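Two complexes, one shared chain (chain A), two partners (chain B, chain C).
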Partner chain A sequence: MDIRLNEDQIEIARQARRFCENESPMEYVRAMFEDERGFTDDVWRKMVDMGWTALRIPEAYGGLDMDLMDLAVILEEMGRAMVPGPFFSNVLLAAEAVMEAGTEPQKERYLSRIATGETIGTLALHESDGGADPGYVQMGARPVGNGFVLNGTKLFVPDAHVADFLVCAARTESGEDPAEGITLFLVDPKAEGVSVSLLPTMDGTRKLCAVEFKDADVSADGVLGEPNKGWKPLSRVLRRAQVGLCAECIGGAQRAMEIATEYAKVRVQFDQPIGTFQAVKHRCAQIYVEVESARSILYWAAWAQDHGDIEEAALAASVAKAYCSEVYRNATASAIQVLGGTGFSWEHDIHLYLKRAQANEVALGDPAYHREQVAQLIAG
Partner chain B sequence: MDFRFTPEQEAFREEFISWLEENLPDDWDPSRYRNYDSSEELARAHKDLQRRLFEAGYAGLHYPKEYDGQGRTLMEEVIVLQTITSTCAELRMPGVITFGMAAPVILICGSEEQKREFLPKTLDGTHIWCQGFSEPNAGSDVANVSTRAVKKNGHYIVNGQKTWTSFAHIADYCILLVRTDPDAKKHKGLSYLLMDMKLPGIEVRPITQITGEQEFNELYMEDVRVPAAMLLGKEGDGWRIAITTLMFERVIGDVTMAAVYQRNIERMIQMASQSKRSGKAVIEDPIFRQQLAQAYIEVMVLKYHGLRNLSQQLQGDIPGPEGSIGKLLWSEPNQRITEAALGMQGPGSQIMGGSPWSVQDGFWQFSFLRSKGSTIEAGTSEIQRNIIGERVLGLPKDISRAVRIQ
Partner chain C sequence: MNVIVCLKQVPDTETQIKIAPDGKSIVTDDIKWVMNPYDEYGVEEALRLKEKFGGEVTVVSLGPKRVTESIRTALAMGADKGILISDDALEGSDSLATAKALAAAIKDLDYDLIFTGQRGVDDDMGVVGASLAEFLDVPQFSVIVKVEVAEDGKSVKAHRPVEGQVLVVESSLPALITTQKGLNEPRYATLPGIMKAKKKPFEEKTLADLGLDPAKVGEGGRKVKILELTPPPKRGEGKIIEGETPQEKAAELAKLLHEEAKVF
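Presenting the complex of A and B:
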């Protein structure tokens, strides 16, 4: 047993911290919050040059074949700096889906180009009721000739407006088991019958879209992997992505704690720094307790995806997603209270963290959903 | 990073599990959470198990061989303690102070003679220790200790009163915090004594606690003559040693408490599977399922945070103020867990153990009440958050304390 980051991971974290401070300062985050596209090619290119888009991709496709734990270290720093743009959608959703479900030619085609930053993908999973279970995948794909025709609406699709391809989950068969009969499709968002529109979301640093399909044709080679068998590989992708979100949450919560603590040391009321008062001090202490606890759970969850069996991986992902996302939300809310009126202003950065926390909490299954998953795994 | 035991550690665990099965007391009933009516009987059973552990080479695994330990790592010690607490937590109870505080503090701060005298007899189950820190006017403000020890002719003459002294009624020795220099500043005038509980002038009066049991005591000392050789460390070092003691209590504690709570979650699932509310199985109630899962999540937090700390300590890190997290992580969730368990029982939650209508022998009723003490003992939650706020985050001390410490 050794529950510490290794030297390489500590170095990766150090580099990521430096990169985020230099390339994604809050001025950039704020500009991209307001910007429709949500990132610049310049920062994207530099991120690719860091090797981040290639990190998880197998060597055979030009990647570095590293663990989720290694990526989690970077995601924590990205969450801390609230780096905007489609990195998460591309690397943790689209690339992982191709890695898990794709045929050899599909991997050849997509993975190497994701690694080099030439192509950006995302995952179109959720529908209007927003659930994270296979049963909620209701959008239909009808077989026509050798291919399929897609009809319906996907919501909350991250970064679809800048994606070169979508991995879209649709129902091709319905039976007793909702996990059967889901097929993953590779869809060009610019194809006929597909329309993408930005949703006016609270968190402007990670754009969400509606993707509408009206008689959109997908050819046979647009089926990612095996027809009707999409849920199993997708569930593995989702678990890793949930853990990835946890890493982001911890980075953001850590920053919220620092902001609150720094302010409590310098803000003077009643002739003393407000951090002197236990009502404020204990709030800061509680954020610290939760952030460090969440980090311990993140390590377990990331390790379980890399090395655990499927049951431990599923349990750890749901435990982590329920816990870490609530910790992030509590941390930002608490920080705003410590900051007082300042924290309520648009000018202070803390609201950006609150908004990302709110977005992360409901993304890929909200805490109530994940607690129910935990209950099923431990009590049936 | 690796969350697994090594194959050798795994084999050790398996071996110990079978050993423990064989060596539990003959009349041990695993379905009961309490097997002993009096603390004297419990103390005897505890000492008996400890002696067997010692003889079989399972006691003091990480203590040096020259003091009759096994010279292995903290990891093996944790494996043994996790197994004991999830199998028979009750038998471990009287040893909590002994092995959580007394033995480690003697190993770290004791003289060679003290180590040779006390560690073997502690590891082999001869001695149970109690902790004499709190006083009527020294609760959260522990440094306010007023029990006096005056050095005279090779002895410390001790006069004063301790309270909330756990296990004093069954203890052989006491780690005692006393004031040796009333003129020195508050924290500087304290010393740390190892006191034989059989000395004349000691009176122990049990306190009946919220559960109706007597785990704690008032401890009165009148002209008790403690040999000067029983001073731990130097005179005036008492506060520093007391803090060290409290930090050690926290490290192994987190991991073993997680094992206890994991067992309790199993109990909770069993109860929910067998009970109905308004005609429906409790285990199918969505609100209960949320509470159950949240309880499990908080136990996993305690477990993995504890293991992470342990892992750092195995690399030689000395426990610091961050240990306060662990105290909060085992005390506060336990209150929520026991509240949820009582909530499941509805009006039945009023029934204590001993009735045909008792649920699980009244385990949750007892645990609910006992958990109210956990956010108070060993440093209240408020004190823990002060420690984190001031010593980890660097927030300023509140003015009244800052002035007094100067």
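Presenting the complex of A and C:
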């Protein structure tokens, strides 16, 4: 296992840092926090032009066929700058779902257009009880003629309000094994019987939606992959997305650490910088220890998705998601403590990081869920 | 049209610079090194000319091995070839020796235009461009914000801001242009560009390769000696203007600007 960044990845990170600093400064992040759409075409187009939306897409569909590790390097920088918009839902959820489960015509139809930025997709998975296990997928899809009819509500669907298509997980059969009987559907969010509404959420930099299905028809070619066999490919998608989310967490945690330590060095109390006080410097050191440890786990998890076997990939993804998301939340919470009153003000950026950290912590399975996954994998 | 871009690697402007114990140099540990921002304008302009006229863009740099990273960035942006002049004897060279070494590496290349930054953002000398033009015996334009190469590719018009006006000068090619902010918006390197960069030709040259005498470069060959580096004076504390009404505050501010700050 080699988890050092190679020369290309170092250059990718350098360019991503420059892009994020120039194109997504905090003024942009704050504007998009308040903006209903949540991103601008200009910034989106520039990301597409850099090849970011094509990174994971196979060459046969106009992509670059690169590793998750390469994408993780970009996501780390995006998390550091808290770049808003549907990049994550499009590239890590929708595109990966089509790559994993799609038939050849479906891949041809969607992947090349994701690569060129012409289409944006997302994944509608969670329901009212919010769990990440297959048993929580209860929304039903009933076979009618050659197609299906969908009824029910999906919640916390990222960026559905700007999506051109949804990958929706619905139950088409019930049996003893909850992983069986789940079918993935390609749904047009503007189709009859489908309605999308923005949810009022804490982290305005990543919009979440409710998607309601009322007798929504999906034709036979709207079934992504095989009927009833959707969970297996979806679980692979979720693992990679969890690792992607961890990369964002590490970037954000790194920034929170920098904010805390920079402040500790310049804020003077009792004629000394507050960073010289034990209570403050130990807190800064603890953030550093956690962020560096979490980064190593992230790189292992990304490597395992690219090169490891299935067991290692699953284990590493859950270890990473349990730890990195907690580290991000701890780092932002500690940074607020170091900043004191300033950290509680709207004008300071740290609260934006805290909100993203809390949203990331529960997204795609919270730490308790992932610790349970780890327990099952190591202890049976 | 073949274009050469001279590139310097400098500390990132956000880096906190510390003066070394010798008082004449800076501490280089933990410095984040980047391409000189003015040179980035040169790379971008060269790429635009290549896109319009065809030809090749060659990046030439001088310094230790780490400079390869910045050359690689330029190659990832779209430049075709990289040359690094690297030799321990060059350590501590002044601008004149740097220009001499660059000229030695460039003189036998086939070029129509050379871009250098108008200055390096680290030591702010602004000497290399002019010296290089002199050594190569080509016309030189300084601090340029717009470049117009004639359709036949044989001459260039360069725009230089002067006291709120613009001076437009024209020359035959080859020529050397030093770049100023505003010339263009440098592109980001795309992922395909980054992947291709490592396969592009890259050469390292020593002083011996260039036929230069080590005694005339480096610390010993300096015409300009650095006697001492000092940090800029600490900025004084800000002052909050007191007063009951905006009029009172404005009057007090005007008084302080006149009597203390002496700005009018």
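Throughout what follows, the second predicted complex is superposed on the first by the 378 of 380 C-alpha atoms of A that agree within 3 Å, B and C clash if a C-alpha of one lies under 4 Å from a C-alpha of the other, contacts with A are read in each partner's own complex, and residues count from 1 in each chain.
Assume contacts are C-beta pairs under 8 Å (C-beta built on N, C-alpha and C of every residue); 3 or more make two chains touch, one makes a residue touch a chain.
Keep in mind it's a predicted model, so treat the numbers as computed, not measured.
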First, second, both or neither for A:V289, with chain B first and chain C second:
first
Residues of chain A touched: more by chain B or chain C?
B
Contact-wise, after the overlay, does A:R142 reach chain B, chain C, both or neither (first, second, both, neither)?
neither
Contacts of A:R45 with chain B and chain C, given as first, second, both or neither:
neither
Scan A:K190 for contacts with chain B and chain C and give back first, second, both or neither.
neither
State whether A:E7 touches chain B only (first), chain C only (second), both chains, or neither.
second
Determine, under the contact definition given at the top, whether A:Q15 touches first (chain B), second (chain C), both, or neither.
second
Could you pull out which residues of chain A sit against chain B in one structure and against chain C in the other?
none
Would you mind writing out the residues of chain C in touch with chain A in their complex?
69, 72-73, 76, 188-192, 194-195, 197-198
State the interface residues of chain B toward chain A in the complex, per the touch definition above.
1-6, 9, 75, 265, 269, 272-273, 283, 286, 289-290, 292-294, 296-297, 300-301, 304-305, 307-308, 310-312, 314-315, 322, 325, 328-329, 382, 384-386, 388-390, 392-399
Contact footprint of chain B on chain A as seen in their complex:
1-6, 69, 261, 264-265, 272-273, 275-278, 281-282, 284-286, 288-289, 292-294, 296-297, 299-300, 303-304, 307-308, 319, 322-323, 368, 370-375, 378-380
Touch list for chain A against partner chain C, complex
7-8, 10-12, 14-15, 18-19, 46, 49-52, 54-55, 64, 66, 70
